[in-house]
Amino acid sequence: MAVCAAIIGKDNSPKYFTCINPDEELGFQYKVLSSLDVVEEKLNNGTKSGSDSRELYLGLLYSLERHKIYGYVTNTKIKFIIVIDSTNTSLRDNEVRSMFRKLHSIYADNVCNPFYIPDEPINSKSFDKSVKNIMSGA
Amino acid sequence: MSRSSTRFDTKKVNSELVTLTYGSLVAQMVKDVENPDDVNKQLDRLGYNMGIRLVEDFLAKTGSGRCLDLKDTADKIQTAFRMYLGVQPNVANWSSAGDEFSFVIDSNPLTDLVELPEDLKSLRYCNIICGAIRGALEMVQLDIQSWIVQDQLKGDANTEIRVKFIRKLEDAIPAGEE
Amino acid sequence: MDDTLFEFIHSEIVNYVVDSNIRTKDEEEDLSNLEYIGFSVGYKIIERLTREMPRFKDELDTMKFICTDFWSAIYKKQMDNLRTNHQGVYVLQDNEFKFLTRMSNGKQYLDLAPRYVAFTCGVIRGSLANLGIHCLVTAEVQNMPACKFHIQVQRN
């Protein structure tokens, strides 16, 4: 389902990054980083209008010819980015939302490992495995 | 104050709080004390101190009397596990002489979410439990040894804690004088 | 599950930190490790607690959450009072702070009070830090078991 997933820390530096096709890694890294401006914009607009934009899921950030980029920001200011292949038209918004929630859940579990130091990049193998499961829609 | 007071599942938070507090303590000890073996000893001693207090709390809350034999003791500790950690271990693997047995735990809340770093493979993360059993039983005049046989943090299927009876301590309070 | 274990672990942590101090030096008691253990607990637990929650409106909204839901989840009661000067200073008051309820009043006990509040100062600081609010947290105990937590937000 998803072709790339990234976790960006409070300071906007990547804490975790993975994509299905390693050859495209650089391109995806660029796409993810440039989507962060849209995230900031959405967050700022959210606080201004104040209404029901307090949801953690930000929805579609922008769409390119071949990819759609979605965003989610936790209460602890961690940004999750998921890239979906545009040809995958059957994927509904709710499914993307659910991927983010699962990602958030394993992220919170990882933070709770007493040996994980906050703000460090995530190197755990079991975390990596869980993310790949989530990306494949499991 | 507008938000309601019961947003969270208190039971779950309680268990997470214990897990996280214990985890943060172990992480701090690992920083303070370089040798994991020394951390193991510290954890055991800390558990021992807790066991001494826990047994009082346990007896007061359950009103349970003197242990009849080692099987009865094992059952009572099993109840204590459920009260304090929210898990019920199996009592298993009795030795033929009946002086040794194990507590087998499928999912140990203390190690929930813990992943041991490669350089800490000799850390016995759950040693606090062994210490607590030893401390608690010493208060009821039983001298025992306790150690970890299987450890889920090291890839074992269960956590198994062994208890071996050594001797009865002699300065026991005479029966009926509780 | 019973919350006795949390209390007992807390007091063992206090003993551990206090004992390891005596070995190194005997000047003023250094409780920074105790505070740091609390920081780490607060930082981690807030990650889980706020997982299903909508975004906070502002700083005051966050403080209210600490006083109500958060405090009840951890200490089984809400804070009794929250005051602010609207310039980054908040005073949270718990009239029956859990870790002080078993201590009697009296000068010699009052002197020990810092040991029983340091962990919790850390918990508050850690949870706020993870929510993006960096602050200093100190505690003031005048009349046990009441405790006032002073939060000074660091603006940059």
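Going in written order, the chains are labelled A, B and C, and every chain counts its residues from 1.
Everything that follows uses one rule, which is that a contact is a pair of C-beta atoms (placed from the backbone, for glycine too) under 8 Å apart; a residue touches a chain by one contact, two chains touch by 3 or more.
The structure displayed is predicted, hence computed values, not measured ones.
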Does A-B or B-C have the larger number of C-beta pairs in contact?
B-C
Please flag the chain sitting at the greatest distance from subunit B, going by CA centroids.
A
Subunit A and subunit C, separation of their C-alpha mean positions in angstrom:
32
When centres are defined as mean Cα positions, the distance from subunit A to subunit B in whole Å is 39
Suppose each chain is reduced to the average of its Cα coordinates; what separation in Å results between subunit B and subunit C?
27
Residues of subunit C that touch two or more other chains: which are they?
40, 44-45, 48, 53
Numbers and ranges of subunit B residues touching at least 2 other chains
16, 20, 23-24, 27
Of all residues in subunit A, the ones touching two or more other chains
112, 114
Going by the contact rule set out above, which residues of subunit A touch subunit C in the complex?
10, 46-47, 50, 54-56, 73-77, 104-105, 107-108, 111-112, 114, 118
In the complex, subunit B residues that touch subunit A:
16, 19-20, 23-24, 26-27, 30, 113-117, 120
So in the complex, which bits of subunit C are touching subunit A?
40, 43-48, 50-51, 53-58, 130-132
Please name which positions on subunit A make contact with subunit B in the complex.
109, 112-116, 124, 126
Please name which positions on subunit C make contact with subunit B in the complex.
1-6, 8-10, 12-13, 15-16, 20, 33, 36-38, 40-41, 44-45, 48-49, 53, 64-65, 67-69, 72-74, 76, 78, 82
